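Heads up, the next two complexes both have chain A, just with different partners, chain B and then chain C.
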Partner chain A sequence: MKAPRDSYTLFLLPGALAFLAVVVVPFLMNTGLGFTDWQGVGSPHWSGLANYRQLAHDSEFWASFRHSLFMVVAMAVVPTALGLVLAAALTDYVGKHFGTRLASILRACFYLPQVLPVAVAGIVWSWILAPDDGTLNALLKAVGLGSWQQDWLGDPDLALYTVMGVLVWVQLGFPLVVFMAGLGRIDPQLYEAAELDGAGWWRRFAHITLPGIRPEIYVVLTWCTIAALKVFGAVYVLTKGGPGGATDVPSYFSFTTFFEKTQVGYGAAISTVLTVIILALALIGLKLQSRAEEA
Partner chain B sequence: MTALRRYPVLIALCLAALFMIVPFAIVVVNAVKSPAEYSQHGPLSLPHGLYTKGLTDFWQRVDYGQKLLNSVLISGSVALLATVLSVLNAYAIGIGRVRGRTWVLAFFVLANMLPQEALVYPLYYLSKQAGLYDTRLSVIIVFTVLHSAFGTYLLSSVLGQFPREIIEAARIDGAGTWQVLWRIVVPVSRPTLGVLLVFFFIWTWNEFLLPLVMLVSNDNQTVSVALGVLQGQRLMDATMTNAAALLGVLPAVVFFLVFQRTLTRGIAAGAVK
Partner chain C sequence: MLTARRRRAAAAAVVVAGSLLLASCGGSGSGSGDGKTLRLWHYEGPDSAMGVAWNEAIRVFEAQHPGVKVKFEEKGFEQIQKTAPMVLNSSDAPDVMEYNKGNATAGLLSKQGLLTDLTAEAAKRGWDKKIPAGVRTTSMYDTNGVMGSGTWYGVPDYGEYTMVFYNKDLFKKYGIAEPKTFDQLTAAMDQFVAKGVTPLADSGAEYMAQQYLYQLALSKADRAWVDSYELYKGRTDFHDAAWTYAATTFADWVKKGYLAKTATSAKAEDAGVSWIQGKAPILFSGSWWYGRFQTEAKFDWDTTLWPGSDLTLGSGGNLWVVPKGARNKQLAYDFIDITLSKEIQTLLGNKGGIPVAAAADTIADPKSKALIANFNTLTARDGLAFYPDWPVPGFYDTLVSETQRLLTGSEKPDAYLDHLQKAYDQGVPKR
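After this line comes the complex of A and B, so read on.
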């Protein structure tokens, strides 16, 4: 006695209706609004591609996307690279020679910033990085490097790099945990055999570790790149896009366009561009991942 | 010899780990310093006594108890509702194998990747029209749906490998689809559901953009939004800032200590599926 397939379709009904109301309709509305000139009151005027033409010449918009590339470095490239080395070192060195307990304690230290609300991370760091009595400047002075003191978040030439540094701190734990879990899948005998054959740490890393967790590397890179393009809270709390737009990113730019400048049509166009880029990257990432898993 | 070579690596790793947690330590140290002590000795000195007035002042000033209650209420409801919605979806996809399930699943994956910026204005507008603007319910509904996209994705692949014999046997005994779901599938998948509950709770707790837009009145704000807005206004002195940071960090650290295993295991499971 088998249940007819259709009887299961009913279970999708609540989810489908909820998605229609919360995701599909708002998403279509937003896409549509991108083609209008609307201040949020009255009825929207159709303006065709005017917003997109304006975007093409908007230096603020291009700057925000350029900053996104820096965010990708800070949230995807650096954490993935560091995460790989740390995961390999914790598993292969610390776990093997000093016990898995120590390895998991160290892993916990690296992971801790990940569970923090980004608003709280922002409070902690903007205080540490404060220009006058900030901890970092006080520390530099205490060790005799007083000339290195900076207005870390207030200097337009420096602020973007400072925000990047904070984001590396926030993000590092995620790749580390995923990679360590992936390494757990690799047969330890492979390492032992390689060691007996005289392979050094670097060769074991390049020939066993990296190929072994290739699917994880693609997943982490995809997820972190998408997260980097969406970054909002950290910018809001640390710099509000400043000084002088030096740390503005697309999501913050669309937020201010929506709610401070109340140019809803223009904000919708910005977020539509952002969505297209993210979905394209997501598709590439998923494709690479499925290829890596087949290989 | 090899042992000698190992220690520098270990020491470097420990230093790096220390660097990760030092910000937490200096926040704790400075949250219990009096403003006078702070201005005299700066952020690096150890506190001379336990000064708790900064903490209590901050608590009262932002009505932190109310914020905690809001966060718990919103995150708890989302965790529960999003898990239920994920189970219903994944049951149809993973076990029911409904027609077009690959497309349904692809839809959920893409919905999960969608930037909230592409939804935020219409959600703001629609919630105003529906009379839900500035209510905790609006945030609960939105995150229940958004997070269940991930839950559906993860659970569908778990349920896709569910032993069919158990389900067939139950059906022969006369159980309907509903009974199979609640009596068999849900109890057996309890570990995965636990992971989802923990994740949804923490994600919702940490969410910033949508709650910032949706919850404007003080009484409805979550911990994250209240602290983020305060920080944005830069009205606080150093002691107050540290009190805020400490009170913001504490719940996160408590979750972390309680759910460390679930979190690390869940992240890995979620990533590789």
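After this line comes the complex of A and C, so read on.
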């Protein structure tokens, strides 16, 4: 009799070959192009490590990378923290006192930005944030806070934080939904017992909720960090990396290097570095996750 | 051993994956090459002057070539811009396509041998006589892909240039005289500022701000300066009198309130709309706005060339190019020839475009007549100075981000010029 493992191999074969065709081969080709000075047409010329040497001293790239760390805060750290509190509040408070139906509706509302195409959301936000006739400035003026009006996306000292704010709005729904699903696994009797023992909301959150959904927290943090490192759409639609490069991120930097500057070799080197970093972070995340599951 | 069923499944999997692998390595389409089909790509909207003219050219072409079908594919500008090199490298190339002019675009493709040499056709069919010298600059590229001399690789049918659009009603409303000279222009802007109106429509996130700046530089420049900057016929020093004047004047205009700091994040569309809505009395931009303003601006308006400058931004329009791998090149040449015919050129002019070879007396609309007359004035004095982002690939983004800094005041003119110099020197071809 054949071992079941052999039958699985056959089923895995198409997926593995497709993975080879659309991920491994392009990645290897990209890595190869990173060692050339190719302009996108004609024959690539081998340039060795020149692109990587240039990258090491490229202040624009490192600035874009620093902005990536801000994006990690906006897309991973803040949504995870906020998502945890909101998920616990919706499950433990709103669900209990106002019914699970309302909790579900609120959850759907928070998730809505995730469903909206980023191009649409970006355009709508750029209207809201427009300096002269944008809704936000109009609202501030209407409530007597006219002095708070800003050029939200046009001020280089403010633009990065504004983009971060929009990204928190976009991202929040994802951890919320995952955490609420995770909370469903926790035995309600634990909460009841803790309540009977006199534990307040915060103690229940810290000692039951948090340990209970640790695997979900790792998944969300890993997933969102990767999303933050490769964020492109929001930056493209809202600011195109501006003003004055204040919101540039590696993926947008790579895009302009590829297509605007037609430095395909250099753009490929940037993408390769970005892929390696994301891969490393993903592996660390998976390791932490499996450790959490084993614990 | 595998059973027959499993072998079939495995074979199917290999075929599927193999075709995916092939697809990922680039397509392999087939052109017709039968002399019966002309494959044509362009990206003009069907209602634009060019779109209307090209549609008519297709009709004329089919009438003149019985049995030949034009297979037209409408593309987006960005789509062609970003993917053309890859498509032209494959056998999917069309017979004739519209492509962006300049060193980093048509020049790059010609240097890589992806475009057909049109020199003999241009002489044989008289295109070189029809297209004025200043417009022709973007048709010819040398072996390094630098425009201005060498081989014909593209044919422009129309021209474009920048001008001052002004809202006559707003000038009247505030009792301000319409400017004829540069001093009158600045005096008018001072009066608008005094009345709480920001006079210039502007967009920092897209091309408009850098075009104001380049125009200021051009007003202190000459043809040799432009040739150095755009055609690398000398060293470009961003701290010379023209660039320094441009950067300091621009910064000064921001301080004086001629340009709003809040335009930093505005797109060109925002600036155009603010002018159409009568919020800003003056807009300096290109003839590509002309047709739209004719339709949408519900007030009395006029245009004038930038006062006190022989040079302004402008060039021949986008090019017809014939890919090296085109299968029906003779048909492509015939089509280009038709687009340059008096009939099509006149149609283009009457629809708000700027033809390069129209019969002037057949243009009916007075506004279109004025538009074309100004273009002819410019080409007669060799006044088209191209665009500031052309010389170096990626310079557009540099100009946008640096000019945004100048607009917000986060960078001084001197540092601004330093940064432009660095980016220019890095990207300029070594000759």
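As a convention for this text, the second predicted complex is superposed on the first by the 279 of 295 C-alpha atoms of A that agree within 3 Å, B and C clash if a C-alpha of one lies under 4 Å from a C-alpha of the other, contacts with A are read in each partner's own complex, and residues count from 1 in each chain.
Going forward, a residue touches a chain if its C-beta (ideal position, glycine included) is under 8 Å from a C-beta of that chain, and two chains touch if they have at least 3 such contacts.
The structure displayed is predicted, hence computed values, not measured ones.
Novice: Applying the touch criterion given at the start, work out whether A:I226 contacts chain B, chain C, both or neither, answering first, second, both or neither.
Specialist: After superposing on A, A:I226 lies in contact with chain B but is clear of chain C.
Novice: Pick one for A:P14: touches chain B only (first), chain C only (second), both, or neither.
Specialist: Both partners, chain B and chain C.
Novice: What's your read, chain B or chain C touching more residues of chain A?
Specialist: B
Novice: Have a look at where A:W125 lands relative to chain B and chain C in the superposition and call it first, second, both or neither.
Specialist: The first partner, chain B, only.
Novice: In the overlay, answer first, second, both or neither for which of chain B and chain C A:T272 touches.
Specialist: The answer is first: A:T272 touches chain B but not chain C.
Novice: Identify the partner contact of A:G242: answer first if only chain B is touched, second if only chain C is, both if each is, neither if none is.
Specialist: A:G242 contacts chain C only, not chain B.
Novice: Does the superposition put A:P26 against chain B (first), chain C (second), both, or neither?
Specialist: Both partners, chain B and chain C.
Novice: Return first, second, both or neither, reflecting whether A:L286 touches chain B, chain C, both chains, or no partner chain.
Specialist: Only chain B is touched by A:L286; chain C is not.
Novice: Given the touch rule stated above, what does A:V115 touch, chain B (first), chain C (second), both, or neither?
Specialist: Once the two structures are laid over each other on A, A:V115 reaches chain B alone.
Novice: Quick check for you: in the superposed arrangement, does A:F205 touch first (chain B), second (chain C), both or neither?
Specialist: So A:F205 meets neither chain B nor chain C here.
Novice: Starting from the residues of chain A touching chain B, keep only those that also touch chain C in the other complex, and list them.
Specialist: Correct list for chain A: 10, 14, 18, 21-22, 25-26, 40, 126, 240, 259.
Novice: Can you tell me which positions in chain A touch chain C when the two form their complex?
Specialist: Residues 10, 13-14, 17-18, 20-22, 25-26, 39-42, 126, 130-132, 151-157, 159, 239-245, 256-257, 259-263.
Novice: Where on chain B does chain A make contact in their complex?
Specialist: These residues of chain B touch chain A: 3, 6, 9-10, 13-14, 16-18, 20-21, 23-24, 26-27, 38-39, 42-44, 85, 88-89, 91-93, 95-99, 104, 107, 109-111, 113-126, 141-142, 144-146, 148-149, 152, 171-172, 176-177, 181, 202, 205-206, 208-209, 212-213, 223-225, 227-228, 231-232, 238, 241-242, 244-245, 248-249, 252-253, 255-256, 260, 263-265, 267-268, 271-272.
Novice: Any idea which chain A residues touch chain B in the complex?
Specialist: Touch list, chain A to chain B: 1-3, 5, 7-12, 14-15, 18-19, 21-23, 25-27, 29-31, 33, 40, 86, 89-90, 93-94, 97-98, 106-113, 115-120, 122-128, 133-135, 138-139, 142, 169, 172, 174, 177-178, 180-182, 215-216, 219-220, 223, 226, 229-230, 232-233, 236-237, 240, 250-251, 254-255, 258-259, 264, 267-268, 270-272, 274-275, 278-279, 282, 286.
Novice: Considering only the defined contacts, which chain C positions touch chain A in the complex?
Specialist: Checking each residue of chain C against chain A gives 6, 9-10, 13-14, 16-18, 20-21, 23-25, 81-82, 85-86, 88-89, 104, 108-109, 111-114, 204-205, 260-266, 270, 393-394, 396-397, 400-402, 404-405, 407-408, 410-411, 427.
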